[in-house]
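Naming follows writing order (A, B, C, D and E), and every chain is counted from residue 1.
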Amino acid sequence: MTRDTTAREPDLAVSIRQASKHFGERAIFERLDLTIRRREFVALLGASGSGKTTLLRTLLDLDSLDAGEGFVATPRAAVFQEPRLIPSQRVWQNVLMGVPRTSRARELAIATLAEVGLTRHVDAWPATLSGGEAQRVALARALIRDPALLLLDEPFAALDALTRLRMQDLVRQLVARHGPGVLLVTHDVEEAVRLASRIVVLRDARLTLDVTVSDAAGQRDSSHPEGAALRDRLYAELGVRRTAISPSAVAA
Amino acid sequence: AQPVLRVGIFQDVTREAIEATDFLKGTPYRIEWARLNGAGPTVQALGGNAIDISWGLSDTAAPKASSEDRRNWTAETAPIKLIGLLAPVDSKRYSPMLVIASKASGVTKISDLRGRTYAFNEGGNANAVGLLALDKAGLNVKDVKLRLLTYDATAPAVVAGAVDAAPATRSRVADALASGAVRELATENEVGFPGFVSVTARTGALKDPQLSEAIGDFMTRLARYLNWAATHDAETAAAYAKAQQLTPDQALFAAKSGAYRLVPVKHDGAPFKAEVEATKKLGEIGFYPRPVDFSTVVDDRYTAQIEAGNR
Amino acid sequence: MSTLPTPRRNGHANLRVFKTRAASSKRQVSTRELTRLIFPLALLLIWQFAATAGWIDSHVLEAPLDVAAALVDLARSGVLWDSLVASLQRAVAGFLIGGGIGLVLGLVAGLSRIGERTYDALLQMLRMIPFLALIPLFVIWFGVDEKPKILLIAIACVFPVYLNTFSGVRHVDAKLVEAAQVFGVSRAAIALQIVLPLAMPSILVGVRYAMGTALLALVAAEQVNATSGIGYLALNPRAALRTDIILGVVLVYSLLGLTIDALLRAAERIALPWRRTLNEERRR
Amino acid sequence: MSTLPTPRRNGHANLRVFKTRAASSKRQVSTRELTRLIFPLALLLIWQFAATAGWIDSHVLEAPLDVAAALVDLARSGVLWDSLVASLQRAVAGFLIGGGIGLVLGLVAGLSRIGERTYDALLQMLRMIPFLALIPLFVIWFGVDEKPKILLIAIACVFPVYLNTFSGVRHVDAKLVEAAQVFGVSRAAIALQIVLPLAMPSILVGVRYAMGTALLALVAAEQVNATSGIGYLALNPRAALRTDIILGVVLVYSLLGLTIDALLRAAERIALPWRRTLNEERRR
Amino acid sequence: MTRDTTAREPDLAVSIRQASKHFGERAIFERLDLTIRRREFVALLGASGSGKTTLLRTLLDLDSLDAGEGFVATPRAAVFQEPRLIPSQRVWQNVLMGVPRTSRARELAIATLAEVGLTRHVDAWPATLSGGEAQRVALARALIRDPALLLLDEPFAALDALTRLRMQDLVRQLVARHGPGVLLVTHDVEEAVRLASRIVVLRDARLTLDVTVSDAAGQRDSSHPEGAALRDRLYAELGVRRTAISPSAVAA
């Protein structure tokens, strides 16, 4: 466990093997293997309560494994399932959490907040924000830095369609710019297909599906047969039967 | 450097009154005053080397501490010693301590106290007087309902009728006596209490030649001052009025009842004999848990200085 | 949390409307603050009335006006003022030392289990020691100057601040601390910039209590070699005879209590600005 | 919140693994609890060692063994035991009365602004009154029996519980209370079933402090007509120069402090079961 | 404001007129009129931060209006945007919040929890629940009663596709059984179209759109021209251009 894999594989963002985690009697995941490279954008799907958040927590060093070995790259950035803003700090200070307070820091925060559409709330207290606004602050907090690994736990759940598209774009830009490994938890199959370069499904304590998605194969296009097949496979894995081919691809 | 003599007192007025006169002017040592609230802290301050002498500590404090220690002190091991006694100037009219009863109780003499409530604060002279009074009337603590109270609470408790009787300081109950709310049962002299307070020194200070000399000088000056003060009520009363916000009448009364003379503790003197007598008695009636030899807590080296001051 | 509205029974409920903005203006709020004093003042009036009517024996309880008169006497002679100054100096010094120690110890023990294991038990033992019983030891150890007095007050102040800080820190939402850890905030910054502000409501209770304790400890401290001070006044042998002076000192203490309360309310508004916004919002 | 792990520097970090389940078993936890006592015991050893080596003058500070011997003497004569029983009865009675009043007043004032406006200021005034100065008044008002003692202790206990309850209630998450209101939970049920448990961490700090205060108030209370009791022992004039007895009493108080601490830790585990689960989870 | 409209219109769940609400300088809604009848299922759409939650809070009597008049029916039930579970009560006790504790109460709670798929967590503490599980407990808490007005603030946001469909069904059943007025805040246009009998959009402090949706007109069917038109109109109102006709209608 302590052998230094870093030197040999500097390109890895996450590498865990045979990882197990239990709560009481219940296994959340069992002998799970997962490798995420830099620049790889992995979407993690799974039913409510299947253990997605728990997996992210272990990667963030907030929970420990019961068995297994592995390592994760640092620095990491994360958007938690809840906003987790510090109520005693104003919005812009929250965005700068852990960022050195140089003279330009506040400007940078304001610029990032502008990108997520919160210019108006730069100096607000977190408690006065709406649900979606708080989530966007949490997103800005992750976007403002240059992580080796980016963990996103349903970061767009509280956003309307338009805002959601904008935020997805921002994440895409960040990934393009800095090339971290990304693990995105989402419930939206379309979102996963649109953003990810690889999709995994967590079910019954294992990764039951692990597919790569490529632009070339037409998989992102719901009207393309490859795309439809991918969607069918994912929905099937999640237990849903699609009554109609239904790409809800929308753009601003 | 000038030696420093640390003097413990009980009331600020003591210091203010003496400093208003010239008796302490030009001492070859510096005096530091320490006001201590009660016999306990004073004994501790002496024992703990926080002060060198105490002016006004009750005469029973040192023997009491000796008898309460794990072993009785000997003349060699005693950490504190009486070096002079303070005798009331007019113990007839201003006897400092007396036994009082509340009017409502119907108690008119000590022997009426059988089965009644009786209070004092434990350990001090009030305790000693309280026991001697009972003994004089042929009673002991088992014959009364004993109520141990703080010094502050004792007099109010009698005045308010919460207890039937208690020893008390005259100045504290003067108003109540005058208004008839309480009545006097006996004075301390009547029950066989010598009624002295003391100047008590830390043995360590006595062994220090420089300090010992300073103490000797202080004793002379103290004796002189006390003699002067006994005949100058008005001046002392002014100090009381200032320090304790008393009316002129009250202040004069306090000055008169606070008038003492300093007397030596030499072994052949009457005061010493009275003390030995009382100490024996107090040992018998249980005030001291063990019999104490009064002479072990006495040092009479300042007899000459005191007598010089009294001339 | 503001007053709970009465729950409505089955049927319909009209919506509440606040017609004018002026209703929540600054002045309004401070007037409302003053209503706090109505009840104490009413009690004082009743007391005075009962005394004047002769229902209360003045030996048992002096009338407020007599108490006030005694206070005025004390004030006029300069004693009261000198006492207040002397005492407040001691109290402030002791409070700052003790409160500071309590804050630091509480913060460290709250944040790290090692800190807790090292000295929490010791402090739980020490805090029980009656400081009255310490006076003799302090006289023996530290003499009779200012040192033992300030030390006594400081000791009395350590524990309320420590207990409340420790508990406040321990009950800060762990999720927020986790987030900060993930974003690489240093331990010191987490402690000072996140945990400390969030534990502030609890800490301020400790501070509030400690300020009171500091003044109470004065009474004990000023038994030893003090020639002025409100603690000295409170137990002045002379005062024991005069219930008006005792009650006067009690009144002085009460007013100091009100002052501390006002100070702490102000401190709360300043130290917890994010709560202020919310409460004002909600109060409307 | 548990100990913060050291933040990692740039690069990679290995994942933490807990190999065996046994590591978090019950026994392990209670052994860990005992580590709390290591530091106090070490101090005791050092103190004894310094005393034996003659570095400390026994007049200034008696050696622990001598203190223990004095305690054993007291215990053998039955004085210690009688004192403990007498005192604890008073302390418990006073604590229950005072703590109960503090809890109710704090809850009501925390929940309703009317309650706060009515008596908060009054309590803030009253809590400052030095109870030592009250002794003569209490004797006049309530005589010299148990009543003034228990009352004095009760009064001392009201305020820590009140302040902490009030603050705890005020800082309960308003969102939860809103939810309960919407679902038509009665005011009483909100107060008792939601607000009270959630304010419990803060209340328990108050209780913890009040238990200490109850024992401290004994020292003052037992100056009035007590012939036994640890408060009486603490200021017993006989002990004037017997630092071993003074320290012995101090030691008794400390041990009571540890007992209270253990009690409160147990109470916390029982009263806050939902936190227990989380903490144990997190500690692994 | 105090005239008793109840007697005259017992069928109304919400009736507000000329309602205004400001935070500081900013108007959240201005002179807003809204009427919801019993059995009416109104979906409320709007961008993040547009004031949907604030509107719900006034209907719940948690915020007061700056101006306007109106009334709401009681009893009310709500699912808040956050779960708002009492951490000191077990899951089943949370579900029974405000419900008389008869001997059958716990059984009832267990049954309702079974419906939302949480049999396993009946006795769990809320803090151990996953995001979606907590949201379902909050839903169960609203479903267990018989309200005159049901307010749902993004109640399905944290749920995977399958669970979401099941929960939508449960809400539909409750509405069919007890017939309360419903106001559902959602960001999912498809969800709104599928569930609601009327859709309103809150934008720029006003209800800029208020359309009835009927089964008969084929509006719920994305492949039907009426349905497509409705969706286009809604997306347009929300500022989103659909690049493809995209009904994501899925069923279990």
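The rule is short, and it goes like this: a residue touches a chain if its C-beta (ideal position, glycine included) is under 8 Å from a C-beta of that chain, and two chains touch if they have at least 3 such contacts.
For each chain, UniProt lists the protein as follows: A, E = Sulfonate ABC transporter ATP-binding protein; C, D = Binding-protein-dependent transport system inner membrane protein.
What you see is a predicted model, and the numbers here were worked out from it, not measured in a lab.
With contact taken as defined at the outset, chain B and chain C are each touched by D. If you compare C-E with B-D, the chain pair joined by more contacting C-beta pairs is B-D. Distance from the centre of chain A peaks at B, each centre being the average of the chain's Cα atoms.
Separation between the centroids of chain A and chain C, computed from CA atoms only, is 48 Å.
Averaging C-alpha coordinates per chain places the centre of chain B 85 Å away from that of chain E. Chain centres here are Cα means. That of chain C falls 18 Å from that of chain D. Residues of chain B in contact with at least two other chains: 38, 40, 44, 47-48, 152-153, 156, 159-160. Residue positions of chain A touching 2 or more other chains, listed in rising order: 23, 61, 75, 82, 128. Chain C has residues 5, 59-60, 136, 140-141, 181, 184-185, 235, 240, 278, 281 in contact with two or more other chains. Interfaces, counted as pairs of touching chains, are A-C, A-D, A-E, B-C, B-D, C-D, C-E, D-E. The touching residues of chain B, when paired with chain C in their complex, are 8, 10-12, 33-38, 40-41, 44-45, 47-51, 151-153, 155-156, 159-160, 172, 175, 244-246.
Of all residues in chain C, those touching chain A in their complex are 175-176, 178-185, 189, 193-194, 197-198, 200, 272-274, 277-278, 281. The touching residues of chain C, counted against chain E in their complex, run 5, 8-19, 21, 281, 284. Interface of chain E with chain A (complex): residues 23, 45-49, 53, 81-82, 128-133, 136, 153-154, 157-165, 187, 189-190, 222-223, 235, 238-244, 246-252. Contacts from chain D toward chain C in the complex involve residues 1-7, 32, 35-40, 43, 59-61, 110-114, 116-122, 124-134, 136-137, 140-141, 159-160, 163-164, 167, 169-172, 174, 177, 181, 184-187, 190, 195, 201-202, 204-205, 208-209, 212, 215-216, 218-220, 231, 234-235, 239-240, 243, 246-247, 249-250, 253-258, 260-261, 278, 282.
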